[in-house]
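Everything on this sheet refers to the single structure shown next.
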Amino acid sequence: MREIKRFLIIGGDKRQMYLAYYLLSMGYKAELFGFELLEGCDDIRCSCTELKKAVESAQVIILPLPASMDGQKINSPYGKTKETLEKLSDCLDRDQFVFAGMMSNAWKSNFFKKGIQVYDYFEREELAVMNAIPTSQGVIKIAIDNLPITLHNSKCLITGYGRTAKVLAKMLSAMGALVTISARKCSDLAWANAEGYRSVYLKDLHNNDNNFDILVNTVPTLVVDERILATLNPDCLIVDISSSPYGIDFEAAESLGLKFIIAGSLPGKVAPKTSGEIIGEAIINTIKEGSE
Amino acid sequence: MREIKRFLIIGGDKRQMYLAYYLLSMGYKAELFGFELLEGCDDIRCSCTELKKAVESAQVIILPLPASMDGQKINSPYGKTKETLEKLSDCLDRDQFVFAGMMSNAWKSNFFKKGIQVYDYFEREELAVMNAIPTSQGVIKIAIDNLPITLHNSKCLITGYGRTAKVLAKMLSAMGALVTISARKCSDLAWANAEGYRSVYLKDLHNNDNNFDILVNTVPTLVVDERILATLNPDCLIVDISSSPYGIDFEAAESLGLKFIIAGSLPGKVAPKTSGEIIGEAIINTIKEGSE
Amino acid sequence: MREIKRFLIIGGDKRQMYLAYYLLSMGYKAELFGFELLEGCDDIRCSCTELKKAVESAQVIILPLPASMDGQKINSPYGKTKETLEKLSDCLDRDQFVFAGMMSNAWKSNFFKKGIQVYDYFEREELAVMNAIPTSQGVIKIAIDNLPITLHNSKCLITGYGRTAKVLAKMLSAMGALVTISARKCSDLAWANAEGYRSVYLKDLHNNDNNFDILVNTVPTLVVDERILATLNPDCLIVDISSSPYGIDFEAAESLGLKFIIAGSLPGKVAPKTSGEIIGEAIINTIKEGSE
Amino acid sequence: MREIKRFLIIGGDKRQMYLAYYLLSMGYKAELFGFELLEGCDDIRCSCTELKKAVESAQVIILPLPASMDGQKINSPYGKTKETLEKLSDCLDRDQFVFAGMMSNAWKSNFFKKGIQVYDYFEREELAVMNAIPTSQGVIKIAIDNLPITLHNSKCLITGYGRTAKVLAKMLSAMGALVTISARKCSDLAWANAEGYRSVYLKDLHNNDNNFDILVNTVPTLVVDERILATLNPDCLIVDISSSPYGIDFEAAESLGLKFIIAGSLPGKVAPKTSGEIIGEAIINTIKEGSE
């Protein structure tokens, strides 16, 4: 990848604004397009109002996370008008790069066909790791806001033991919570034990003493079924931070009268600046690797 | 202290409701008086609506924290009518006990004169220690709600190094924050270093590189003056969790355009159940010690 | 795997003795063979002195870790006589199982050919995870024994960020050390940062400010070359806990006058009881999985 | 206190050698007297062999910790000849200062009478706090050396909850141990709970389920009596790090066949360099405070 200097950020939320400032602080040029409705970023708004003009001088176009909600329009909550991916692809040349988050494979290949390289920063391992931090902090906030007790001495169950679960378990434990990990794999339970948590196999969870104050699910497929839900304390707060189709049987939770919260997009809500910087680092890492 | 069994809780917020349930769970009898406007506690409301009748069968009367806001009326946010301390003292007999939080010395001696023993549970060391936990958790919540960055990697300054500061520093550090303690005493700085924090003498703070994301003051006398405030990052969030007359020069902060939050009564807001239980433990400890 | 009840443990060190007691405590039968020279285990020594007789009544034979040092004799430091793998394989029947640690592929297939199933417990992920704990504790001990300073405030570099490195970093950090991780992968550095450590790419390590008090290598291929060694503090203690061919250029370290320690087999030395129990859990897990 | 520049360190162990180097690194002049038998400090040995000459040019004389073992001779394990405190006091002038550790009150007043100011650095709170770190690390080492199990998952009882107990509890817990604190005061137990440890009143300890792997006593008066010892696990390792008359009934422990270790002077043994620097900081703090 040749020397990259000029970025245009099209659409997105506050994270992308902070991403722009981060790129500037790292010595790059960066402008925002589609942020007419967001205050506090006048100095870095692109002066062109027309997409074609705006993209002309940029070497890299950065699309938001996710790039599009409907598969057509670029996800631009702060834009007066919404540009489409179609139009963008028409404006770009083969020596320009696109960085996007969670872009559909269909659109990726559309861009590729025109000779435009697309990098999905959401697929970067380090972004996933770093995003686990604001996500976990968001769960901490949800717990504080919704429990009448302190996290200290509370009994927390986390289902799944991937990246976010690991970071969340550490934070909860550090706040004084008694953490239990429920996962499928023997080695996950060994790790949980090594970290000082209790552990229970997912297959045994319905037989466990489930006297928890909070249950946080991180697995995006049904793991907490009616049988398990029925064993929970009626005051137990349930939070699902996975993604569709989620790991909790929400209908069963509803009919059991359990309180549950489906918490999505926590990084952008909880810490837009840090989240923007995480995206920025992932993009810069990609560029550096491409230059090696 | 003879065998205590029957408590009447007069006034207070949700903490006192949870206190009542806690006392019940420990095998005592407990009723609430002055909670007509609070839902969810019908089963433990005193059936008498007249104060004199209500206190008759109780061995111990528990007043809220603080017992009174104006020095006359019992602090009863959920009561339809507000009873006065005067009236209460007229209703009590010399073999009854009063537990109150932050009661004025004038009122304490009024009760004493009538032969009624008064215990201020707010003066119990273990309550102060345990209250540091919900207080610190409240600060964590304020920080998450008001900062665009994660606590992880954030730079936090705590002025003072008493109980709450110690617990708060530990929680912030556990969330990944880089904690600096500023205090007067050499031994406080030694403790801070032993815990792995940075430290700076209060007298040197105005000369320090004060590039903090958040400053939490715990000292109830002016320590963060204009000279120090002027060295802060303009984005720095200032939180004062001490009590009047507080440790921040708020006027100077205002004129410098710094964002500050005066955060009081965090335990009751953040974790009323835990806070009620902490009061309950302090009361039970006092009774046990009195029986020894 | 049918119902397993009777174990014979042949050879090994104290870990295997504790393994026997662990199996007994879990309700199995277990005897030791080849421990004539070890005190404190008279009650669980096999009464037969002849190998053939001894193995007859066992359903499972457990060999040590490693099973053999020379590829012929069973590794039996506490045995009066050393039996061979050859002889063992002649004594076994096809319905018997062998559990061994780090057995050579050649020997595994020799056993397989006779219809004897061999399980290498050293290949169990959960054993590797759990072994990271005594290994890390061994490094802590080496550091305390060999450094004139406390781990608190010491500057520690760990090369590699696999299982043991993760556990070790956590322990060192908890003791107050300032931990730096050096690894190849971007995502490893992200994890290190998420955990609160500093990080540096292995390829940049020779350009880093390497003012460390201790360097612990966990990578079994040369990563710390002369160029890096030359940048170390002359007092820096170097510990290599990887395995052959190791990650440190020892010759260069020697000629630079650096102090280094090659530390092998830490779990057995530091915590034979825990290590024996870890082996026991891995074996029981394998048996349970085989029965499902 | 006027500008202090020149130190003479008389007697002591390796800590005092490192103290000398520390003072040099801070810009002071420092020489060693009475270290003929210690290698590695030729460059900072005082060139005078006669005490009178040696002390002449020094503004501050630093005596070891403890200053004397027998109340007469200066504690000089590495000195060819042992000078006496008597002789030293004869050599000193009224404008010279003496810093000593644990000097007897009798000797302090002897010096005072001659107009020589004496500061006992062992009485500095910050030294006591910082010394808790190498002491705790020494206990960790003793535990690793003497237990067949890992600290991780071990059950540890600490009696007393002063400075060293607090630091030790934190380290043990960080290594994965399950820590129980036994103390007299209600507020100590509250602190222990706030830190996430279990707790039990000392008066209830004989009735507790004392299934511990290690007991560390920090209280210098009998607290662990025969009644308590009799409830311990026979494998429990007992370590007393308090000072005479100690807190364990050693005779009872002996007759019960319990293994115990009396561990004194851990900082100097475990981390002489850090310990020397801790003394140096305490001395410099004292001088700075005297100049204010």
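Letters A, B, C and D name the chains as they come in the text, with residue numbers starting at 1 for each one.
Definition applied: a contact is a pair of C-beta atoms (placed from the backbone, for glycine too) under 8 Å apart; a residue touches a chain by one contact, two chains touch by 3 or more.
A quick note: this is a predicted structure, and the numbers were derived from the prediction, not measured.
*Asks:* Based on CA centres, what chain would you say lies at the far end from subunit D?
*Replies:* Centre of mass proxy via C-alpha means gives A as farthest from subunit D.
*Asks:* Between C-D and B-C, which chain pair is linked by the larger number of C-beta contacts?
*Replies:* C-D
*Asks:* Indicate the whole-number Å distance between the mean C-alpha point of subunit C and the mean C-alpha point of subunit D.
*Replies:* The mean C-alpha positions of subunit C and subunit D differ by 36 Å.
*Asks:* Find the geometric centre of each of subunit B and subunit C from their Cα atoms only, then give the gap between the two centres in Å, rounded to an integer.
*Replies:* Each chain reduced to its C-alpha mean, subunit B and subunit C end up 51 Å apart.
*Asks:* Show the residues in subunit C shared as contacts by 2 or more other chains, in ascending order.
*Replies:* 133, 152-153, 176, 193-194
*Asks:* Can you name the residues of subunit A that touch subunit B in the complex?
*Replies:* Of all residues in subunit A, those touching subunit B are 14, 18, 133-134, 137-138, 140-141, 144-145, 147-153, 171, 174-176, 270-274.
*Asks:* With touch defined as at the start, can you tell me which subunit A residues reach subunit C in the complex?
*Replies:* For this pair, the touching residues of subunit A are 124-127, 129-130, 132-133, 167, 170, 185-187, 189-191, 193-195, 285, 289.
*Asks:* For subunit D, which residues are in contact with subunit A within the complex?
*Replies:* 152-153, 176, 193-194, 196
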